[in-house]
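See structure below.
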């Protein structure tokens, strides 16, 4: 089969599955069969992706590019751009294909995992879950394979929609419904930037291509970056991500760790030619990313909900990537995206397995689970170490690359933030590991037992990747941008050391039987501040006291002033009618009087009009 | 174009609902099924005709096709002359879809059902007429017919919302039963007719300025009207038609009217009738009075911008479900007017496409709202919650309609809004696009919040135990509209090619006027 | 004695008639006032025909006289009906219809 | 000279009569003053050399109309005599104002009209009148006769107390059964 | 000397006269209580005459120009005859029930009044005008009083008041008219309109003209000469009001047109502003005062005043288009307004006043009557596809052509104000709930037939106005150029 056909298969099979589930309710309501079907289609598209990947490795930088006119467009306004068309299609090159692999791979794992994790859901909900899963795969592929930013934006919005649907999967829970709403609002708010950016881009280049020079690169890229901040949960628009953990854990793994949130980073990677033309934007990105990395890491430290920890860790890691891109390292950003996708998905699935075992998200309800769930435990530890950047694991390579690039650009402030973040990352991951897997078991943890194969297989697979992915860095980097050859840079060593220190401290504070109390006391104020969720409160206040208040004011104005005026006109007319009735006295004498008076006036008019 | 059906396609489309209405006059009052089937067939004929039209319309040739002409009042040159251009094709299609689904959605109307369907069909016949009539006078005639049955439709079958008289004008409402259906009906009728009064004057002005021989749109369009006349005539047309398009501040009939109206009527009114207004502004106002249009465009656009934001924000503050949707219509019609005001190809494409998309979207919305209201017997959003447990289908379609209204890619709403924003950015007032974009976000806020408050969370409360999901014919309506939203959202060229064609023919007429307007 | 003298005289009579018309409260009184006005008309016509020449004026006057007579006849019939209906002919009695 | 004196006297008398007609308290007096005024008008006609009209005036008016009106007064009187109802002074003032303005208007017009002749033209013979009636005005004449017919017929039917075939309102009493003045019936013209 | 040829333009009127005499003699022949047939006879005769007008050639001038037979006059004759026929038909049951012994005279007076109406439009002589007006007006005053009695319920409730108010005001206005005409004649030395037109202008002539016009304005009931209208309409027997509300108006317009556009055509400027004043005043006062009315007859009376204002727009335009459209308006108005009043008669048979509540739930009590009432009020309001729409539209067109564009806007807006109270009627008919004691209505066949005729007129002229418009404008042309 030709690349394009594989690509179409990869793209549309999940869509077909989703539509099938939507229009054939009974099939959806069968539950597990639907799940199997969805997994099947995911695996097929994974296969497709791998085939394409193989061909890319074969050395073809551009496998294919095929577009169709989506909207006719022409402008008759003198001075504006000439006629053109607005297109959609499929674009296959190193970036899209490798991202495609990541997406389909993680998605397949997650779907398989879900078969076990969601097993005790009611049938029709189970079906609904997999409908959305397939829909997500389609949307993400649309985004990944986009030949231009418009289609990318469509996929962007669609994944946002699916995220809304999946976060709100347990819509009966008010918190879940609220979280879904919040996620959509925040990301949609950021997406306004994307729309505006697209329009400006379109009007200056006549197309939505990311190649080609743009006079207004800086504003455009800034607008695009606003969207990136929303989607990739950069400070201060990160507030939706922790709440998004209301969704099922596999969903968090897929959307809110591995792929969807990474879409922002992917956008920048994709549109890097544009960003490359806007150094100012890059600087902004570097600082925002660096700060986010640090900030999120700090907050992550004080979380007690395992998923929240991972969520903030995701923010922080996305910060890394954004910072890397800000430093102009397309490769660094994308490489870290890849590795992170694997080990963070792994961590989430592992966490999911733990949660499944103890029926609680709370770290304090866990403990000592390692003995009970060896596979999960190992997998989780692998993921944690990878995230911590322990040498030899995936995280190590990508993180080092980023640190090196940032240092190379001389962005010292972001660099410091990243290093600190590296330390904190290792610290809180260590904390999680020691609290959840070791130490003395809590009451919840007694009946915990290892999960079934459908959950273990993905774990194993992902942990393998979490280890191995790092060694393909050079190859991967060859697929896009210029190939980098990895070497151990001094700054990388610093980062690694910080990580190791973090792990050590974590052990000293949480692993070792006693001790570290003094240190905990020292960190307490920072912890309180981090735990306070000030940004979140601020956003809520904005919504409550600004938006809603304005809305109510306007509504009142419309109903009682504008509409009041309209009714006032009618009222005045009616009143005039009632008042006029006095002239109809009913006395014939008056009638005659009026007539004669009118006659007199008319006569005077006649007699004196000259 | 050979057969009778091809040569008389437009008159068939227009006449079918009317014939059905006349047939209904003869049907016995309580032959419910017969009544419904007659009306369904009548509307299906029109729908089929519209589809046939879209199929047979030659995109290669473009221009006016399927022309028919019958003299009406020769001495004044009034002809019943029908013809379809690209815009008509799309809007006829919309009307056909809406009336069909509307009949399906009001399948259960039993109280005085015969009269209900008669009025409904007469109304829709008027709508079809407006979209295809090439004689300005007949245009106006059909316009009136489309507006007037509304009074009885709302007055008899309407429902009342709760609005308490407060504010600086509270005393005014002593005279009116505010919130009552008869009040709403009267308000709607009078406000719309005030608009048509203004229109009438301008029609006469054009008629006599063009020689007083004929009302033919082509002839009137070819005539050059003195600039000063255009300068006073255009605003009259704008506000005249605009009052139907819900142009601020003449939109206040719309919330009350749509809230009070029965399901099918709100579907038709918000879905199609408001479009008549916008269509009139573009087709008559801008094309026949280019200078005036060019001069007034900044104001049109400015007001439209106000509409978009104002409507969206007001919708946010509403507690009554129908009011939420009604205000969202005000906001979305603002998008249409915005697109019209840009006077760019993309803007006009977007405007017409928004008419089309919003028509189906709001049609779906009102169908759903009608269902919810019929089942829950309340429209008070805060009282609801967790309905999705009892009516998952309705919930799903509500979210779908909401997503389309907030312009989610892949749904019809996105295409329209995106085009309008592109057009706005091209126009002399690039910043017009910003309020539009923000408005889309505000829409996201209130629509999804409404969806959450109604359908999600725990519940439903005890008093809503007898909630049920949609029924047979209602499913039909929902699926049809929802499918259209997705279809035309993912493959917009189905319609947009027609629209684009007409726009490309009409817009050049304005270019000279616009250069004129750019002079100080 | 000029024409305008006669015209002024008839104008005076007409004005008096008007006065009666609007002040009289008794139906018969009003009728009498109408007579007064009609008489002014006739005086006018005759005077004109005298000073302008021609017989038309007098013919007109005769018509006018006949018309007036017919009116009075009908008027009195109506007055009698009013009396039968209300037992009185005071005009202010008939002000039930108003507003 | 003599003519002027005569005219002035007659005119004055006419005006006085007219004034009494509209002001006399007693309805009978009103009617009598009216008669006198009509007779004086006839005199003026004679002065204007329209003897035929004078005759008609005397016969038709003083003979016919006057009698009719006397009947009217008699038929519609109440016990308290023939005294007409008093007027509030305000109403009188208003009426006077109106009358004065009417006269002012007419007088103004008359005086502002320059070319009014001062010398009478030739007389009109009765033959001329007759000819005119039967030639140029014959149509109007016919219609007039219709009019008179209608008036007579209608008046009879209306004034007839008891229609043949109807049961009369009050069994043929010469004077109507005294009805009390009707209580004000609420006007149905709408809310007050 | 008059010859037989002089009668040629008068054929219809003479036949009308003969039919009056026929009715009279038949009345004498019929025994008491058997006179119901007279109504049908009258209606039949009038309908026959109406048809006759299409076949006889009544053109040409007669009596040395004192009378001209033109399509203009003929069309007015047709309007009057049609109105009269409908009025007679609609009155049959009412008359038979309430004044069984006075039927002959009722129809006789109706016919005589009609004779006045048919004669006047052709008249071109002041004397003819006066006489015809009287012939038309006196019977109306008497018919308004026809019920005579003063019972508190039935047709006679306000008979005396209604009649006498009409009579006194009309007597006063007649005196005014005559006085004016005396000046007109005096300053011009002739009574023929053509001669007057030729004469030079002078203050006295102007005053005469004004007084004349004032008198005629009373006949059509334009503000401020309208005050009698609501009282008389409310008090008089409904079937008669149906006739009173249209017949004299049409004739009055014929006269006004003749006076303003022929006799005083030299003074268009001044008269134009005067008529404009009347138009605006009538529309405003009529519409505003109709708003608060609770009695439908009274409401329709005020609406009629407003309608007069709209018709007068055609006069204001003064063009051929204007007069033609005025004529069309009058024709449509006859059908519409008579229909509305006859429906009221059908609802409250023999009742003087009809409170709005009595219309509640009419759609249920008698669907067709409800539909008819709806169409009539829609036509009065000027809604498409009933005649009223075209009527208003055309007069608007005429005034716009005459350069009074703002008047169109004003008129249209006031028409919307009028919609408020018209819709009150529609509301009562279709949304009101009939009270318990209101049974399904059964309309007597004669009345139903009359209403049906009006309905046909309203719908036909509304759906296919072209032929009527054509003939109307042709008639208008003949008004300006009689031959």
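Read from first to last, the chains carry the letters A, B, C, D and E; within each, the first residue is number 1.
By definition in this document, a residue touches a chain if its C-beta (ideal position, glycine included) is under 8 Å from a C-beta of that chain, and two chains touch if they have at least 3 such contacts.
Keep in mind it's a predicted model, so treat the numbers as computed, not measured.
Ranked by distance of CA centroids from chain E, the top chain is A.
Farthest from chain C, judged by the mean position of CA atoms in each chain, is A.
Remark: chain C and chain E have CA centroids separated by 26 Å (rounded to whole angstrom). Chain A and chain D have Cα centroids lying 101 Å from one another.
Put simply, the C-alpha centre of chain A and that of chain E have 78 angstrom between them. Centre-to-centre separation between chain A and chain C, using Cα means, comes to 97 Å.
Contact with two or more other chains is made by residues 7, 14, 17-18, 21-25, 27, 31, 47, 52-54, 56, 59, 63, 67, 70-71, 74, 77-79, 81-82, 84, 86, 91-92, 94-99 of chain C. For chain A, the set of residues that touch two or more other chains comprises 570, 574, 578, 581, 584, 586, 588-589, 592-593, 596, 599, 603, 606-608. Chain contacts: chain E has residues 127, 131, 134, 138, 142, 145, 148-150, 164-165, 168, 172, 176, 183, 203-204, 206-207, 230-231, 234, 292, 420 touching two or more partner chains.
The complete set of chain-chain contacts reads A-B, A-C, A-D, A-E, B-E, C-D, C-E, D-E.
Chain contact summary for the complex, chain D toward chain C: residues 3-4, 7, 11, 14-15, 18-19, 21-23, 27, 30-31, 34, 37-38, 41, 44-45, 48-50, 52-53, 56-57, 60-61, 64-65, 68-69, 71-73, 75-76, 78, 84-85, 87, 91-92, 94-96, 98-100, 102-103, 106-107, 110-111, 113, 116-122, 124, 128-129, 132-133, 137, 140, 144, 147-148, 150-152, 154-156, 158-159, 161, 169, 176, 178-182, 184-185, 187-190, 192. Here chain E touches chain B in the complex through residues 383-385, 389, 393, 396-397, 400-401, 405, 408-409, 412-413, 415-416, 419-420, 423, 426-427, 430-431, 465-466, 469-470, 473, going by the rule given at the top. Those residues of chain E that touch chain D in the complex are listed here as 1-2, 6, 10, 17, 32-33, 62-64, 66-67, 99-102, 105, 108-109, 112, 115-116, 119, 125, 127-128, 131-132, 134-135, 138-139, 142, 145-146, 148-150, 152, 183, 187, 202-204, 206-207, 230, 234, 292-295, 298, 353, 355.
Note for the complex: chain C touches chain D at residues 1-9, 11-20, 22-29, 31-33, 35-36, 39, 42-43, 46-47, 49-56, 58-59, 61-63, 65-74, 76-84, 86-90, 92-93, 96-99. Across the interface of their complex, chain D is touched by residues 578, 581, 584, 586, 589, 593, 596-597, 599-600, 603-604, 606-608 of chain A.
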